[in-house]
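Shared between the two complexes below is chain A, which pairs with chain B and chain C, respectively.
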Partner chain A sequence: MPTMINLTINGEKIAAPEGTSVLQAARQAGIFIPTLCDYEALEPEGTCRLCIVELSGSIRPCIRVSCIQEVKEGLVVETETERIIKNRRLILELLLGRSPYCRELLDLAGKCGVMTSRFLTGEDDDCIRCGRCVRVCRDKIGAYALCWVNRGYNRKVATDFERLSEYCIGCGSCAQVCPTGAIKMEDRGNQRRIYTWGQVVARFELEKCEKCGRYFAPRKYIDWMRRKAFKPKGIELIDLICPECLRKTERPAPAKVPFGNGAFPAW
Partner chain B sequence: MGSTTAKEIVISVCAGTGGVAAGGFNVIEAFKAELDKNGLSANYQPRVHKVGCRGFCAKDVLVDVQVDGKTETYQFVTPEKVAPIVSEHIVGGKPVKKWLVKKDYHIFHDKQQKLVLANCGQIDPESIEEYIAAGGYRAASKALGMGPDEIIEIIKASGLRGRGGGGFPTGIKWESCRRASGVVKYVLCNADEGDPGAFMDRSIIEGNPHAVIEGMIIGAHAIGSVEGFVYIRAEYPLAVERLRRALEQAREKHFLGKKIFGTEMDFDIKIVLGAGAFVCGESTALMTSIEDKAGEPRPKYVHTTDRGLWGKPSNLNNVETWANVPMIIEKGAKWYAGIGSERSKGTKIFSLVGKINNTGLVEVPMGIPLRDVIFKIGGGIPKKKQFKAVQTGGPSGGCIPASLLDMPLDYEHLSEAGSMMGSGGMIVMDEDTCMVDVSKYFLQFCVDEGCGQCTPCREGVFQMVRLLNEITEGKGTEKHIGLLEELAATIKDTSLCALGTSAPNPVISTLRYFRDEYEAHIFDKHCPAGVCKALTHFYIDADKCTGCTLCARNCPAGAITGEKKEPHVIDQDKCIVCRICYENCKFGAVQKG
Partner chain C sequence: MDVAAMDAILAKFPTIRGNLIGILHEMQSHFNYLPEEDLRYLSKKTQIPITQIYSIANFYNRFSLKPKGKNTVCVCLGTACHVKGAERVMDEIKAQLKVDVGESTDDMQFSLEEVRCIGACSLAPAVVVNEETYGQVAPKQIHGILQKFKK
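For the complex of A and B:
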């Protein structure tokens, strides 16, 4: 049993296991805190700043992001003070300034009481710079195909030198974690394309499943996973079998790969 | 030749970046050659050496000529001037008066108190022997004989606070790092110095690198560390070179390496070159950068003294902070605490730039009135213009108006005034400075230099610049000031690192002291300082104009017409508001409106 930590969130007494974040503790208690850059399988980076909360009690009163702040005995957390709401709304307005038509962002803004932005820039960019794609590609897949380029306002996600990526293995994790669909993956026939800003960042030919004949994954990805996957004794990843067919075989599915929630993305 | 009676000749040539740029090395060579030619080298073993910056870079190359203990200082020395100086002064005994420094040089130094910079300008920074002869490494040797807690107590009692930004008490930082659990600990030196116009740290390393090394040795002993890093920007080649050489010399003398000073302690220092991003000076970004990752700040919910570089307890101090340490150990906490004001102890180095007569580096005791720095040491404002404000604390500091000139210069008073000490940048502005325009400049710096990972800083500061732009272009409305204040509050509250939380400071402080200027731009569509082109026009006062034709001849747009000896007129349609006529009219006839 992990040690339980007692804290108060919005006046409610809560016990959470040591090491969990305030955000996780709040969610477990059914308290909604908006987030954008947070993703369960990824280490929190605390950059979108939406999950800010006011802290007091056992620490000096301050505003911090709840995704990184760990629970602490005697911590008093307020998630909806006037100051927090004001700041959160302004941050959403700022994000909407560059992504005014982004559906997911509009939904979240609506939930937080923001209808329009006073900071329209004339841009129409679905990327909200949450960095999930960069983190999943770097920290979970280990392919380092996506990175941040430029500083400050011009920061954006790109492949090396903004060319077709050499390092991309075509797994599609980035598209899977992207909250707004700014990065998309498209399989058509035996072709897979991963693209962002209307520009193709990677292109692959798909392999056929030996059993059902469906195109399912690029060679590079299959090889990569075969090298990286954890292979329980007695189980061999059989060449070129799609996950569905694999599941139907007698063998247990390849249990764990080093990807966060255990799922092979986008086979 | 040989009519000289001199026995001892020492020639000290300024060879900091300023001195070298002005030709310092050529001057050294010229002196050597000239002394040889005059047969002085053989008879008197004169010493010609390079010394660190003494702060008055505007007068480089500065040369001290010391003959039998009597020193005269020459300014703007070039190789051509060397021969006359040698023959008239050293041989003939008569200093070349016209090339000597003038009164301003002495006024510049009068009110200063040089402790950290004491050796700069006196010793050869590339010679460990000269540093030792000046008392160097005595403090380290003494400290190694003391207990770590004893050292920490001394540093705490001295009242030394960080010189790199926040002014955090150094002794307390050392203590938390010493107490942090873990065997491996690091001591780090922040020599990133990214503030535009600042060169305090560069000058210390160029002029007295061993003081920083000695400070770090003492700190390492107090904290319990065997490895140190100096993070220095690659744009400082001379400083890097001198530091590298100093480290080698210290290793040769067994002041660094295994069993230093003959004790059981091991300690060595590595140099890490930074790529020159301003944000890399932030403590967590600096550490990720040393780890060879992108230099981006991380949230500091766990102190770096507990979990810093490679997850180990790490103690980061600024160059100037480290350079203060040896003298505190040497002369005692009480002596140090006797200098400065109530809660700000010791001296602080400022780089004085902008609209000021004597630009340069100045070291003053904390608590000195701001007025003394600007009007005595700095020699006041050029061209008899009015002082308007001084910006302290780097790009994210605040502007201090004339009404606060008598304020003591220390951590408390600066932050009370809405500014900060920062690393000691000081930009002086005169009546011709538009405060809206200036704020825009500083915020733009933060837009360009922020890393861009967190939303409020990346998007918010950009939006503030947009609003400021609209104001200076005459498109401001009554909503603009409110929006600026709203953005400033959120950016301060929610940014990830201190670059963001302090970026709105220039706007906040100018709105506090110069709100009328914002209002003039917005409501009267008028820029009182005559800087914002869309809100300024120039005209000629017919009563004052003598018809000298100077302005008409210099106008790049051909907008000024008029007969000789008759009042001239500016054609507003052609005028590009370049200010040339305004700056150059000898009769004050060009007016701004």
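For the complex of A and C:
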């Protein structure tokens, strides 16, 4: 039983286990804080800045990003003060400046009452630089295919030397975790393509399922899963069978492995 | 690719962990830039993913992925220098070297770079060539300064 920490969020007394973030504590209490970069399977990085809250009580009054702020005894959190709403609108406007057509961003803007952005740059780039894709590729998959390049305003996600990646295994987790759909994965026939704003990350040829004949995964991905996810658990997969057929077969289905071990629900 | 040079650089570092930036510094001063093939070789030798090395090489201004000229000309465009007319100095250098910021001359003698404040505001406008700082530079002095470094 972890130690419980008592804090107050929007006047509500809440107890949260030690080590959780303010954002998680608020979520558990059913309090909505907008965020784009937070993903439950990934370490928080505090990049989108939308989850700002006003803190006081046991620490000096300040505005902090709630996803990387740990809960503290006696903390008083306010999520909807005038100051927060004003700053959050500003952050949304800044994000919209480069991604004016991003649907998720527009949804959030509507919720927060942002009508237009004062910072339109004329660019149309759905990537908001939250780094979910980089984090999942690095920390969860371990393929290290994506990285940050440049810095400041020119910062962007790319592969090494911005060419087709030889390290990408074609799992598509980057596309799956992207909050705005800036990274996309497309299967067409026996070809899989992972692409972003203006750069194709990787191209793969898909393998056919031996049972139903459907194209389902690149060879590299299958080998990776065998080596990283199934072998340590003592499971040997010999046939090339798609997840649907695997479920129908009589052999014991592979034990459900948590997301963090590099296994995805698709497999 | 220069395997011998790379191995000599790597031999200088007893451990790889925490020394990546040091290694990149050595490579930068040896090759004058960071060649892709050598970075890939470094990645293979050190087991550090190439994406991480690329990220770091991209992040710091000291590292260049393009071949750099023998001499680096840095023009300070900080507030004080800007007020004192660094813009005109910059234009003069651009015209004389026939390059833009971040580029190198065709004969690989000079690279031109802009910096934001080098902490020598009392000398504004300041120009740094390699390690040498020139203060209160007027556009008409540029030719003389560049001649000194030309071989």
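Note that the second predicted complex is superposed on the first by the 243 of 267 C-alpha atoms of A that agree within 3 Å, B and C clash if a C-alpha of one lies under 4 Å from a C-alpha of the other, contacts with A are read in each partner's own complex, and residues count from 1 in each chain.
We adopt the following convention: a residue touches a chain if its C-beta (ideal position, glycine included) is under 8 Å from a C-beta of that chain, and two chains touch if they have at least 3 such contacts.
What you see is a predicted model; the values in this text were computed from it and never measured.
Peer 1: Putting chain B and chain C onto chain A via the overlay, clash or fit?
Peer 2: In the arrangement built by aligning on chain A, the partners chain C and chain B clash.
Peer 1: Where does A:Trp148 make contact in the superposed view: on chain B (first), on chain C (second), on both, or on neither?
Peer 2: Both partners.
Peer 1: Per the contact definition in the header, classify A:Lys86: touching chain B only (first), chain C only (second), both, or neither.
Peer 2: The answer is first: A:Lys86 touches chain B but not chain C.
Peer 1: In the overlay, answer first, second, both or neither for which of chain B and chain C A:Thr159 touches.
Peer 2: Only chain C is touched by A:Thr159; chain B is not.
Peer 1: Just checking: does A:Ile68 make contact with chain B only, chain C only, both, or neither of them? Give me first, second, both or neither.
Peer 2: Touch partner of A:Ile68: chain B, not chain C.
Peer 1: Hey, is it chain B or chain C that touches more of chain A?
Peer 2: Per-residue touch count on chain A favours B.
Peer 1: Regarding the shared-chain residue A:Tyr167, is it in contact with chain B (first), chain C (second), both, or neither?
Peer 2: So A:Tyr167 only meets chain C here.
Peer 1: Between chain B (first) and chain C (second), which does A:Arg118 come into contact with in this model arrangement: first, second, both, or neither?
Peer 2: first
Peer 1: After lining up the shared chain so the two structures overlap, which partner does A:Gly131 touch, if you call chain B first and chain C second: first, second, both or neither?
Peer 2: Only chain B is touched by A:Gly131; chain C is not.
Peer 1: If the shared chain A is used to align the two complexes, which stretch of chain C, 42-50, 96-104 or 114-122, clashes with chain B?
Peer 2: So the stretch of chain C colliding with chain B after superposition is 114-122.
Peer 1: Go through chain A and flag every residue that touches chain B in one model and chain C in the other.
Peer 2: Common interface on chain A, chain B vs chain C: 148, 150-151.
Peer 1: Where on chain C does chain A make contact in their complex?
Peer 2: Residues 36, 49-52, 54-55, 58-59 of chain C touch chain A in their complex.
Peer 1: Can you name the residues of chain A that touch chain B in the complex?
Peer 2: 45-50, 52, 63-65, 68-70, 83, 86-87, 90-91, 94-95, 97-98, 118-119, 121, 129, 131, 148, 150-155
Peer 1: Going by the contact rule at the top, pick out the chain B residues touching chain A in the complex.
Peer 2: Counting only chain B, the residues touching chain A are 277, 279, 294, 299, 301, 446-456, 458-460, 462-463, 466, 483, 486-487, 489-490, 493-496.
Peer 1: Inside the complex, what are the residues of chain A that reach chain C?
Peer 2: 138, 144-151, 159-161, 167
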